[in-house]
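Okay, so chain A shows up in both of these, paired with chain B first and chain C after.
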Partner chain A sequence: MELSVKPAGNVVVVEIRGSVDGLTADKLLQTLTEQVQAGHVRLVADCAGLDYTSSAGLRALLGTVKQARQKGGDLRLAAVRAPVLKVLELSGFTSILKYFPDVKDATASFG
Partner chain B sequence: MAAGMDSALAIEHVASLENLPRFMSFIDDACKRVGADEDTAYALRLAIEEVCINLIHYGYKGMAPGPIRVSFRQRGDRITIKIHDHARPFDPAMAPQPDLTSDAEARPIGGLGWYLVKQSVDELDYQSDPARGNVLTLTKHNAQSRQQVTGRKRAS
Partner chain C sequence: MSPDSASRSSGNRRRVAVVIGSGSVKCAASLGLINVLRREGIEIDMLVGCSAGCLYATLIASGRSVAEATDMTRRLWTSEITARRDHKSILRALLPGMMGFDASFGLRDDSLIMERLRAAFSDERIERMQIPLHLAATDFANGNQVVFSSGSVVDAIRASMALPFMFSPWRIGDSLYIDGYMSDPLPVGVAMKEGADIIVAMGFESPYQERINSPGRFAFQVSSILSNNLLKSQFSFHGLAHHAEVIPILPEFRQRIRLFDTEKIPAIIEDGERAAELQLPYLLRLLEAEEQGH
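So, the complex of A and B:
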């Protein structure tokens, strides 16, 4: 898994590439938590390069959503690929996470 | 290897997080070898990760980590994966149903692993024996293989 963090106006975009699994999910959660703790509570996860997630990745996403919303922000997903979206749907995450076709739309959704 | 042919492979490593990628790569490679479609390969990668993570984090908790042996077999359109371990027995049927409907604030973090395993395969069987250990058998129908087999039957 590779991560890159890019400010985009009043939003921070975290690009996630590769596989989020039991070995890598902690790094994702740490990176996202650092952003929330730094006051960057409007987050977009760019999932265009995300090939795979297991329940470990879902834990990281839900943990971040809870933290961000407590501080008045949110974590929103962009460009989720079909196999990953299927896992989100199976797990009931599509009803609690907002997701958009691309980073531009996800970023604009924060207004 | 042509779809529909018999194929059996196996791997064994100690139950540790650092070995997790080895189990996942084994399934990735085996799926490629038998020509599994992408959905099947993703589902089986997910299933094996969730099972191994449970064994690493909970099954062998409080004891020296023992082995996890994973075997992969394709017969016709059926892929069968067996996971053999000597960890504390846990029947997946006893795993509680996760909360899939609460809003984000009330949703518990975690508890999805066994649910995703069950969603990823067509059949699941668990046997535990004090002497021989535990064997979890996961079976999935390989849609692409099934199509190819059907096509071959039509051609003949």
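So, the complex of A and C:
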């Protein structure tokens, strides 16, 4: 899994490439947590290059959503590919997370 | 955790479970998953089944080949098993005061499916399978999930496939059991309790009706809505609450699969294989990391 963090106005976009599983989820959670702790609570996860997530990846996303919302922000997903979206739907994540077709829309949703 | 599970988990090797959820004939896709796991030499430490998934979990746990399992399914699972009405049960429903309605209600006579289950599995026992096996059903008295890790294979499969209204609940000892999907359509929690570290979970959503033109279809629609929502909530809870790594395998079927489409089993197995191949790289990486001591 590869991560890159890019500011986009008042939002921080975290691009996730590859797969998030038990071996890589800690790195994702750490990166996202660092952003929240630095006060960047409006986060967009760019999932265009994310090809897989296991339950460990879902736990990392959920942990970040909780932290960001407690501080008045949110984690929103962009460009989620079909196989990953299916896992998110099965896990009920689509009912608690906002997701958008692309990074532009996700970033704009913060207003 | 059962004594057997405890003894098998004594080393540091991460334990792999395969969980096969409810899904009628679509559960044959699990044979495609098994083809892939066997080809890669991935050892399965336990199998968990629910509803029709019990049938396949048992066939795999007993060491039968995919060809044998396919053949047995075709003989066992035909539309004839639901063809005969249970007239006594229907009369009891229509005239409960006169005929005496009770919890053994089911619209279809189960004698043929029992005959076929007995012909297929005879007196096989769950605890004597080659791979530890756990079959999940639902206690009709209180809705709790019940897991059979020992006992008669025929009884446990019949209990877990007791589709409400269609087949009567099944009595084992003093208790009545109904279909496992009523408590958890994809029971990954059973594998977690039994000590699995990596759970390969093949699940299926219940299909929605194209047209609702009979009370039966109406009932199936209601059942699908409930079970699909239950599937999501249970899967979500277990995935988030436990440390185990759950790898969901959700086959995409190239054609609509109806309840008794056993002639489509070869295509269903192919779809299962394709879905398993997609997740295989992650499973292999987890297992490789374990070998390297991560």
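Simple rule for what comes next: the second predicted complex is superposed on the first by the 111 of 111 C-alpha atoms of A that agree within 3 Å, B and C clash if a C-alpha of one lies under 4 Å from a C-alpha of the other, contacts with A are read in each partner's own complex, and residues count from 1 in each chain.
The rule we apply is simple: a contact is a pair of C-beta atoms (placed from the backbone, for glycine too) under 8 Å apart; a residue touches a chain by one contact, two chains touch by 3 or more.
Computed from a prediction, not measured in an experiment: that's the story for all the values here.
**Q** Following the overlay on chain A, give me a clash-or-fit verdict for chain B and chain C.
**A** Clash: chain B and chain C overlap once superposed on chain A.
**Q** Now for A:Ser109: first (chain B), second (chain C), both, or neither, which partner does it touch?
**A** After superposition on chain A, A:Ser109 lies in contact with neither partner.
**Q** Examine A:Thr31 and indicate which partner it touches, taking first as chain B and second as chain C; both and neither are also allowed.
**A** A:Thr31 sits against neither chain B nor chain C.
**Q** With the two structures laid over each other on chain A, which partner does A:Val65 touch: chain B (first), chain C (second), both, or neither?
**A** Only chain B is touched by A:Val65; chain C is not.
**Q** Among 22-30, 94-102 or 166-174, indicate the stretch of chain C whose C-alpha atoms run into chain B.
**A** Looking at 22-30, 94-102 or 166-174, the stretch of chain C that collides with chain B is 22-30.
**Q** Following superposition on chain A, which residues of chain A contact chain B and also contact chain C?
**A** 21-23, 52, 54-56, 58-59, 62, 83, 86-87, 90-92
**Q** Residue numbers of chain A touching chain B in their complex, please.
**A** 21-23, 52, 54-56, 58-59, 62-63, 65-66, 69, 83, 86-87, 90-92, 95-97
**Q** For a test of understanding, state which residues of chain A touch chain C in their complex under the given definition.
**A** Per the touch definition, chain A meets chain C at residues 19, 21-23, 52, 54-56, 58-59, 62, 83, 86-87, 89-93.
**Q** For the complex, which residues does chain C have touching chain A?
**A** Result: residues 203, 231-233, 235-236, 239-240, 242, 244-248, 250, 278-279, 281-282, 285-286, 289, 294 of chain C touch chain A.
**Q** State the interface residues of chain B toward chain A in the complex, per the touch definition above.
**A** My answer: residues 17-18, 20-21, 24, 38-39, 42, 45-46, 49-50, 52-53, 56, 98-101, 103-105, 107, 109-110, 112-113, 115-116, 119.
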